[in-house]
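Here come two complexes built around subunit A, the first alongside subunit B, the second alongside subunit C.
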Partner chain A sequence: MNAAQLLNGVALGSLLMVLSSGLAMIYGLRGVANFAHGALYMAGAYIAYSVSDRAGFWLALLVVPLALAVLGVVLELAFFRPLQHRSHIELGLITFGLALMAERLVVLIWGESTLRVNPPEFLQGTTSFVGIEYPSYRLAIIVIAVLLAAALIVWLRSTSIGLHIRAASQDIETAAIMGINVDRVSLVVVAVGAALAGLAGALAAPYIALDPGMGNAFLITVLIVVVVGGIGSIAGAMIAGMGLGIIQTVTTVWSPSLAVVVPYAALTIVLLWRPTGLAGKRVS
Partner chain B sequence: MTTTAPTDDVTETMVAVPPAGPGRWKGTLVGLGIALAVLLAGLAVPYVVTDTYRMSLVVDATILSLLAIGIGFLARHLGIISLGHGAFFGAAAYGVGIATTNWGWSPTTAVGFGILVGTGIALVMGLLVVRASGFGFLMLTLALSQALYALSVQTSARPLTGAHDGKLLSYDRDQTFLGLGQADVMNPGLFWPMAWVALTVCATLLWVVGRSRFGTTLEGIRENEERMRFSGYGTFGPRLVAFVLSGAVASVGGALFAINAGYVSPDILGFSKAGDSLIAALIGGFGLLVGPIVGTFLFVYAQANFNFGGNLHLFTGMTLILVLVFMPGGITGTFQKLYHRMRKGRR
Partner chain C sequence: MKRRLLAAASAVTLATTMAACGAASDSSGGDSEDGPIKIALIPPTSGALAQFGTDAVKGWETAVRLINAEGGIDGRKIELIKKSSDADPATTLRVAKEAVTQDGAQFIGAVMTSPEHGALNAQLEGLGAMSFNAMGKDDALVGEQCSPYAVHVVQTTSMDVNALAASLTELPGEKWAIQAVDYATGHSAAETFKAAAEKAGKQVVLEQFAPLNTTDFGSYITKLKGSGADAVFAVEFGADGVAFVQQAEQFNLDAQLKTVLGLNMVSEPLFETLGDSIEGYYNNVGYDAAGDNELNKEFVEAYTEDHGSAPYYVPADNYTAAQILFAAIEKAGSSDPAEVSEAIKDLTVDTVVGEVTVRGADGQVLRDSYLGEVVKGEDGLAFDILTNTDAGVTTPEPDSACKF
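Let's look at the complex of A and B:
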């Protein structure tokens, strides 16, 4: 193992961190594991492909979160809000249906073939970092993701909407009794969560190849990260995402056939040991 | 917590609680009589459906129904949704493939072995997962079955499972599955009795178990596990038994699938197989035992007829959403509601 492989793990972990923090926010507030989160990530990557084709990659990084936030608003208004009194499993299965549809819609719009996105010119080479030559774009992913995570934490800790989000995640009924507009909080959370998923997709686009199965392939890992991190805990999801990214990459170097089982083994061990996840406190 | 608060329990809207009480034994006998009549009547299907392609669809749907009623049994009696039943179905299928092709066992013994393998995996998985409920259960079953899938496609597993290429079953010309040679088992008309008898027997078994004292215990656990524990019932044992039983039914399906298809590919272990079956069961409805069977037949029919341009998943997703939003009990649940309303109106 060398520094480059460790950095690969950090890059994968960064993507998982951004993606799972959005999923954890929605999970914490609505109690729903959003199976469509992988589809949002995929939509982000494909929209980034179309935008960067016409107007450059930097604009894509701006357009994608906005477009996905709108999609998140639609998701909240069409499904999460009107169906909030249904069982969580039912709502989860509805998002599962949405994910099935999205996989096909992407094929109908962008075709089945694998697509590639080029990173911006100055990030195409390699950079000297801690004594090794490492692809610049992957370093950029790490930097952007860490900045995003920091911004998200500051937003949740020091703004009044952040306070409301934390309160509603703790106990949505009590929060509503205390005068917090839970519907508004939920709208913001789902929009931000979807925007983060889209941004993760856009960031990943030049790093991986785009194909219609990419969302669902990643979804299971992200769901595992959220459950391992602790239900509704954003910090837990971030730590679990980074941890899993690094462990998986390192195990791949060591033994590829063992690496594929790592996320599943991690989930099983954590849930048996602490049923509410690493950072989870609540039982439900 | 108020009663209107959403929970991880699917039972509130998806399952109608069947009546219990006196006259249970009489009802069971009547039910067994009906089951026997249905079994015998069903044997005539190959004489009605003469087209080989249609008949093969009917056989496929019958075998997949075994997987769906396994999932449906857990949802109906314990209110938990499993995404891991593909593992038992697939493990049983691989068990048959390995026993016949690698070890030269006769297909009949191999089917028994396959069912044992699937049930054994259900037991191991059950020990790990039945304590969980709601999303924890869903995620654990998903994760463990995905782990099995990931292991089966490893290059090191190639001699046993054929990895991504799948496994072609081969056995000697003189070896038979209950009297059917390798060419005959692929003939849907000849294979039909096996599939049909397996489905009716398993469905009747699940129905009888559901009506028994044990079934009532399961429903108590579904409604309020804590209260059952306070009342002096162990809840781990019954949950485990129910899980293994439903896994065994799925294994029967998997073993028959392997014999009938003569080929096992890794995607039957995968997430999409269990997902498809769960969707079929949901669309059919969990409230009645036949719900998942109705759903599976519709699913197989739709797969054969509406798969133009590869848009099947677009339609499945749409149907799943429409059913969950507008008819939470599935198709059979909606009919059940209409029936009850009509009876109330008459009184």
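Let's look at the complex of A and C:
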């Protein structure tokens, strides 16, 4: 086991961290397993492909979360809010259907062939880091993800909207009785959650190859991360995401075919040992 | 009651369909002897393979244009019936039945994937139509799934691997690492390659298999870097191949490698996506566009004139399929698939890929395989053909599972 392999784990963990924090936010507040989260991530990657092709990767990193936030607003206003009193399984199925439609839409717009996005010029190639030559772009992902995680935690802990989000995630009805505008809180949460999925997609675009199945490939892992982290807990999801990324990579080094079952094994173990997930009932 | 009615209705439908089948194959021996010779093309027209499907049709179009311009075969014109599929075996089979029974097609071409061919081969004799496979590479198609009515124009995966193994001595690099996809093709390719490497006096320092649909090759590449390998044999297809090439570039893996040898990993349609980083990569090549024979020159010129771009292996292999079919019809003196399938056994034809023979025992076309290096030309990336391996070296003995 060497430092480069550990960094591989941290890089994958960083990506899972960004992706799962968005899902955890929506899950915590709306109680809906958003099966369209993988599709949002895929949409982020494809939009990043088109934007970076025309205007550069950095602009894509800015435009994609904004575009996805708008998509999140539509999702909230068209589905989550009108259907909030329906059973969670119904809403879950609707998001599943949306994901299937999104996949076809991506094929229609961008085609089904595999695409790639190049990282910005100065992040191509490798950088010397703690004595090893490591891809600069992966180091950048790690830095961006850690900064983002810190910003998200600060936002949730020290702003009033953060307080409202945490309150509504604990108990949405009591929060409403206490005078919190839960519709507004929910709108912000779904928009931010979708933006985070898009950002993860944009970050992943130069890392992996783009194909219309990329969302589904990650969705299961991310759902597991959220459950392992503690349903609705953002910090829990972040820790679980990073942990799973590292464990999975380490297992891949040792036995690739075993690494495939790591997320499922982790899920089983955590649910048996701590059914509420790593973070229990804490939100952030 | 309802269920019984349904059963009766299905039985009637089935009987009518079967009668129609019989009628169609009867008629193909009768009145079709003076009308046009009909070939149904069933390429995928949607999805990931759509581009290949379109290009396969273009190959057939050029072949048909040229032969009709010469007056057809024995005075009979060739007619293409263009159908479409989604590369799903069930769809392709349904469309094939429709083309044969309703449109009167006697021959089928441009079918893409191995599973489609597997399903189709099982039905060909019953349908009374011949299929020309210029794209599905699975070995089983000339093994347990073979059919006397199917001609395997393209090289099988075994032939591809054997060709690379035979050229191994030509490639720089002493310490080889194998990076392969974790399913049957990857494992069998790795086995063949390892045996060839030993014979060539090369060392295999690392052998690793990544599950299909691996998105992050980071840990595999780190291991490759740590293994001290100076050459890599890579068997990664589609999105996996793109991800592997792209991440290897980010890890600067190429710096320590003298050779990256791919099996069906890089090909012309992927050149644009993969970009200049694959310059200097080696890969098996089925068709040499710069091939130095008159027929090929004529084909390249005619194809470019018809479609505005130079051909690559997909149109070329389909064009070759057409050439073999036309020669067989001429030899049989008939377009009856039963007679043509007899005439095609051990038939030797001069084609764009040189002189080829259709092996009688399994329908495999015996043809050369090439090793190519990706080079940057005037119009972007292209394959430079380095070695040419004879079919006698690459082709395994006919599979005993194939019985006509």
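Heads up, the rule we're going with is that the second predicted complex is superposed on the first by the 280 of 284 C-alpha atoms of A that agree within 3 Å, B and C clash if a C-alpha of one lies under 4 Å from a C-alpha of the other, contacts with A are read in each partner's own complex, and residues count from 1 in each chain.
The working rule: contacts are C-beta pairs under 8 Å (C-beta built on N, C-alpha and C of every residue); 3 or more make two chains touch, one makes a residue touch a chain.
What you see is a predicted model; the values in this text were computed from it and never measured.
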{"item": "Which superposed partner A:Val190 touches (first subunit B, second subunit C, both, neither)", "value": "neither"}
{"item": "Touched partner set for A:Val107, first subunit B, second subunit C, both or neither", "value": "both"}
{"item": "Touched partner set for A:Gln5, first subunit B, second subunit C, both or neither", "value": "second"}
{"item": "Which of subunit B and subunit C A:Ile208 touches, first, second, both or neither", "value": "second"}
{"item": "Touched partner set for A:Ala33, first subunit B, second subunit C, both or neither", "value": "first"}
{"item": "Partner chain in contact with A:Ser257 - subunit B first, subunit C second, else both or neither", "value": "both"}
{"item": "Touched partner set for A:Pro135, first subunit B, second subunit C, both or neither", "value": "second"}
{"item": "Touching partner for A:Leu83 - first (subunit B), second (subunit C), both, neither", "value": "first"}
{"item": "Partner chain in contact with A:Ala99 - subunit B first, subunit C second, else both or neither", "value": "first"}
{"item": "On subunit A, the residue positions that both subunit B and subunit C contact, one per complex", "value": "107, 257, 260"}
{"item": "Residue numbers on subunit A that touch subunit B, as the complex places them", "value": "31, 33, 83-90, 92-94, 96-105, 107-108, 173, 216, 220, 223-224, 227, 231, 257, 260-261, 263-265, 267-268, 271-272, 275, 284"}
{"item": "Residues of subunit A touching subunit C in the complex", "value": "2, 4-5, 8-9, 11-12, 107, 112-116, 118-119, 124-126, 133-135, 137-138, 206-209, 211, 213-214, 217-218, 249, 252-253, 256-257, 260"}
{"item": "Of subunit C, residues touching subunit A in the complex", "value": "47-48, 50-51, 182, 208-211, 213, 215-216, 218-220, 222-223, 225-226, 238-240, 242-243, 246-247, 249-252, 269-270, 273-275"}
{"item": "Parts of subunit B lying in touch with subunit A, wherever the complex brings them together", "value": "2, 4-10, 12-14, 81, 128, 131-132, 134-136, 138-140, 142-144, 146-147, 150-151, 154-156, 271, 275, 278-279, 282, 310-311, 313-314, 316-321, 324-325, 328"}
